[in-house]
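Structures given as structure tokens follow.
Two complexes come next, and they have one chain in common, chain A, joined by chain B in the first and chain C in the second.
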Partner chain A sequence: MIVNRNITMTWWERIYLPEIFRGISVTSNHFFRNLIGFIPALLNKDKKRKIFTLYYPDEKVEFPPAYRGRPVLVVDENGTERCVACGLCEIVCPAKCIEIQPDETELEKERYPKSFSINMARCIFCGFCEEVCPKEAIVMSDECEIADLDRNKMFYKKDQLLISKNKLQKRLNYIKEIYGKWNY
Partner chain B sequence: MPTFTINGKEVKTEAGKTILQAAVANGVRIPHFCYHPHLSIDGCCRMCLVEVEKIPKLTIACNTPVTEGMVVRTNTEKVLKARKGVMEFQLINHPLDCPICDQAGECKLQQYTFEHGITHSRFREEKRPGRKRFKIGPRVVFDEERCILCRRCVRFCREVSKTGELAVFSRGDKSIINTYPGISLDNKYSLNTVDICPVGALTNADFRFQVRVWFLEETKAVCPGCSNNCSIRICHRRGKVYRLLPRKNMDVNKVWMCDNGRITHKQIETSNRLTVPLVKKGNKLEEVSWNEAFDTIAKGIQKIKNNEIGAIGSPHATNEECYLFNKLIKNVFNIKNDIECIVPSWEADDLLIKKEKAANPQGAREFGVKTNDTSSVKKIIKGNLKALYIIGNDIIDNSNTKQDVLQTLSKLDFLVVQDTHNSDLSSIANVVLPSATFAEKEGTFTNINGFVQKTNRAVPCPAKAKPDLEILSGVAKAMGRPFETIEPDKVMDEISKNVKSFKNICYEKLGETGIKINN
Partner chain C sequence: MEDFLITTAKVLFIFGLNMGVFAPLLTWVERKQSALMQDRIGANRADILGFSMIGLFHPIADAIKMLAKEDFIPEGANKIMHTLSPIICVVPALLTFAVIPFGGEYVIGGKHIKLVIADLDVGLIFIFAISSLATYGTVIAGWSSNNNWSLLGSLRASAQMISYEVAMGFTLVGVFMVYGSLQLTQIGAAQESFFRWGIFLQPLGFFMFLACAIAENKRAPFDVAEGESEIIAGYFLEYSGLKFGMFYMAEFLEIVTISAMVTTLFFGAWHIPFISSALILSMLSFLNETLANIILMLIHISVFWVKVIFFIWFQMTIRWTLPRFRYDQIMKLGWKILLPLSLANILVTGIVILILQ
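Now for the complex of A and B:
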């Protein structure tokens, strides 16, 4: 497919060299900063490192709420999952990785997922399941360290998916804000 | 034949038709809740409003007869606005239950709401509370909040099942559907109310919450419950059957089916299905390969004199199976004895249910099978019969004589049982051949009035079980006289050549609703 991008450059950009040098200066700036930026922290333990890279896995980034990690099921204050096994995420998932067996429950919500599994080896982290869910019951968490050597272990069962609401509050607020405007 | 104009198109229609009926016949869709083509007209939902020239107000399409020169418009601004208003009223007390409602995906209210783009409610007061998941009958669950009072269920019970359990009680916005005091919605056709309820107010207790309807595939088939052979759809997903729904067939079942027919799919996935061929070695039945089972039958049969072999067919078998079984017995085994079969029966009524409780006793009779004949059992007692080939287990169905029959059969030298389920009969057999239930095979059934209908394969057979046609041909091959063909359509071609009453039948002509044999 041909995408026609209409980029109109200014005169300054069109003379080419100044922008090239600007780019080189940004890159080399980062390069030298990373090269010597750790020295102050090495000499004085209280000082923070000034470099961009992290000592992963000892240090971790805190992701912004917009980050889409593995999808999880929200557990409400009363200790049960919010999900009512409506099957919408199951049908919307483009990777076809969700499988739900609904059943009847004595609780007021009438319907609950007897089993709920996500095949994380197939999930593409698109977030459609979160968007379609009428109960805000499935959300994208900030967990991304899910690699495994065994495909069978990537098959997440319901108990591995349940996460309490408090831990997901930031994402829950965020999706209310972004999907709220669609009047779902 | 009045001629009238609908949305600018001039069309002819039969006299006495209402606007809605004429519109449907001409491919114009008018949204409606309470109108049902097989019930009387109620005109209570007001969803079907249309504009008719020279009538000052909008009028309901379902109850206005078409007259000569009428000019009808179904999609003007005025109509759409009125419809949207009706929808808004319908939704005032309707709960936001779609995520937990079984009807979602096949719900008229959901569909029309979506089509009319109703996203906001102006109603700020409390919704009317009602009973949730109330068991209004043994097989039907009722949700009062979801009911839109279209009265289809009431009319069904009064007009079709003629049992009249349901009525509308109270008035105004307190109106509710309920059964008359002291009775429950318990008739032989109660689950049809679930089908015709346009929303999720009435749901099937058995199907409830099992699977989402949008995951289900549908296969056109025939109900094996009784010799009426109602046309059905088998709804299945990933090899499991979830429900049976009626399919329109004006000659046979109109659009209804009975509650008992709906649970016939329960037999498919039970723990006592026969799944592998078994042969008796010593005193025990042992699993063997299909070829070994066929060879055992061939050897066993060849050892016994022709006039000492009997055959009992099945009233549940398809026409093709009856024909090939006949061929196997008469041509391959060279047996002169008649094939007989026992047909289970129950109480008939004058709507759908017929006396013979099997799919194809009529078809069996067309192929010369003697129904309700147990002369072979008598012959065994006399010592005239040494071997028996039985399809199905109806012979031990009658519990009064069951032990006697089993006792007699165990005297046989050689017993072959071809059946779907484990039973006392299969446990005394020498060879057990696991066969397919109605949802696992293709073929045709002949109903009690002679309508031949096609049934299709919806799900695969469990484990090593095979459709009966393949089994019969396997036996014939082991006997050294293989059949020319076992493709159901080719077998039917052969039948129409050889059996007089089936002369006009071939798969292309059957269509979805079948045709009548000439007898």
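Now for the complex of A and C:
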């Protein structure tokens, strides 16, 4: 069936051959750019990469600090977590995936979470827990490869959530900047 | 005895190069080139001991996969024809190389050696005769499968191939009017000087021949016969395992054949632009005659295959650039545009030859 689409072509387009060459020049432009561009990527000299396709499992993206990966608990220099088990994140969590059991401690902060678990199968990565936290104790990291075939393994315990402060410094600076108006 | 050995060596060279290098490598080339053109990465997962070699092991993986698959013949299919048709597809693609010269004539050890397996006087006509046999392969494949989609595919394939065969024959009439020979070695030898190349003498002929040849090969933009999105895979839908692989092999070998023909007829065969064989021989005059001729032969062979590889690249680029034609557009292009244009090309060529005489 011939459908009349009311396309009017110029004489130049109707002789077809020049348009073919235009198309070929576009595709071969991409071809040569990618043909040569992957060499610096393989040699890990990709400071200014020409191609934007990543060789994913071999090559990883560095996410910007605004990226929200899985939530983690910040561990301070003295080796303990910042969390004081106030329970705000537990309450604000829209997916109700955080569960905290508080306990008392001899340290200055007086309270600490005896157990802290996040059900990552339910987490929606909204970042409310991070926003509501008065101690900057729970932040969103840049880890996103957390898929699993077993639901029980998606139930993250406290020892899986603790990550030292140095690794999260970028995100900590970033949340100070965006939530700074609350002056905590 | 000597002649027999030389011919055997040539046959082994052509056969080995086609079946051992081009047929497996082109599957890799097609996947990788299409990936690069579309800003993807392409095949790179198959590895041996952790070395993936930019995906070069994928042809081996493919071959193992095809050998391990079940060789399925559908119920109600004509078993003999079903088995025969992949062979009918592959053989013509290989056979056309018998008359295509991949080098000139050399004096080695006082013996004149022509780098062509069979130097037929009717080389071009032989190529037409053999390549039209491939039509039978597709028609029988579609018919013997006892499947409606296959039959539709083979109907489309036969109609398309037969219509483009006519135009293809006429486009090349201009070439042998200009060179005055049907012998491919003579056509090649006549293109010694750069401005006697077929592309300058028959520019329209080149474009029309390439279009017809790609249509003959049933590759995109002329792949309605295969039509993955409409009739699944067309004529080779009911094939599996090695037979399916043979259809692909035939397609890839045809690409090489078309590239070799375009090189021989329009792009100076084995000649290097502006550098004649006599010039190379005079530069190599400090060696003895046999050695100089062997070096010249190696240069010419590599020049020929470099040109062939360029045209393989070009055909792949066309295949991954242009969208598929509609069926009526294919027929319109074949009968209403290419056929009259090729006839006009013959007329104009004849008039110009008459004027120049």
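In the analysis below, the second predicted complex is superposed on the first by the 132 of 184 C-alpha atoms of A that agree within 3 Å, B and C clash if a C-alpha of one lies under 4 Å from a C-alpha of the other, contacts with A are read in each partner's own complex, and residues count from 1 in each chain.
One rule holds for everything that comes next: contacts are C-beta pairs under 8 Å (C-beta built on N, C-alpha and C of every residue); 3 or more make two chains touch, one makes a residue touch a chain.
These numbers were taken from a predicted model, which means no experiment stands behind them.
**Q** Answer with first, second, both or neither: which of chain B and chain C does A:Glu104 touch in the superposed model?
**A** First partner only.
**Q** Looking at A:Ala85, would you say it contacts chain B, chain C, both, or neither? Reply first, second, both or neither.
**A** Touch partner of A:Ala85: chain B, not chain C.
**Q** Please indicate which partner A:His30 is in contact with in the superposed arrangement: first for chain B, second for chain C, both, or neither.
**A** Second partner only, chain C.
**Q** Just checking: does A:Tyr55 make contact with chain B only, chain C only, both, or neither of them? Give me first, second, both or neither.
**A** second
**Q** For A:Ile20, using the defined touch cut-off, is the partner it touches chain B, chain C, both, or neither? Pick first, second, both or neither.
**A** In the superposition, A:Ile20 contacts chain C only.
**Q** Look at A:Leu162 in the shared chain and tell me whether it touches chain B only, chain C only, both, or neither; answer first, second, both or neither.
**A** In the superposed model, A:Leu162 contacts neither chain B nor chain C.
**Q** Could you tell me which stretches of chain A are touched by chain B in one complex and by chain C in the other?
**A** After superposing on chain A, no chain A residue contacts both chain B and chain C.
**Q** What residues on chain C touch chain A, complex-wise?
**A** 33, 36-41, 44, 207, 317-318, 320-322, 328
**Q** Across the complex, what residues on chain A touch chain B?
**A** The contact residues of chain A facing chain B are 84-88, 90-91, 102-104, 109-111, 134-135, 183.
**Q** Quick check: in the complex, which residue numbers of chain B touch chain A?
**A** Residue list for chain B touching chain A: 98-100, 104, 119-120, 132-133, 208-212, 214-215.
**Q** Per the contact definition, I'd like the list of chain A residues that touch chain C in the complex.
**A** Listed in rising order, the residues are 2, 17, 20, 23-24, 26-28, 30-31, 34-35, 51-53, 55.
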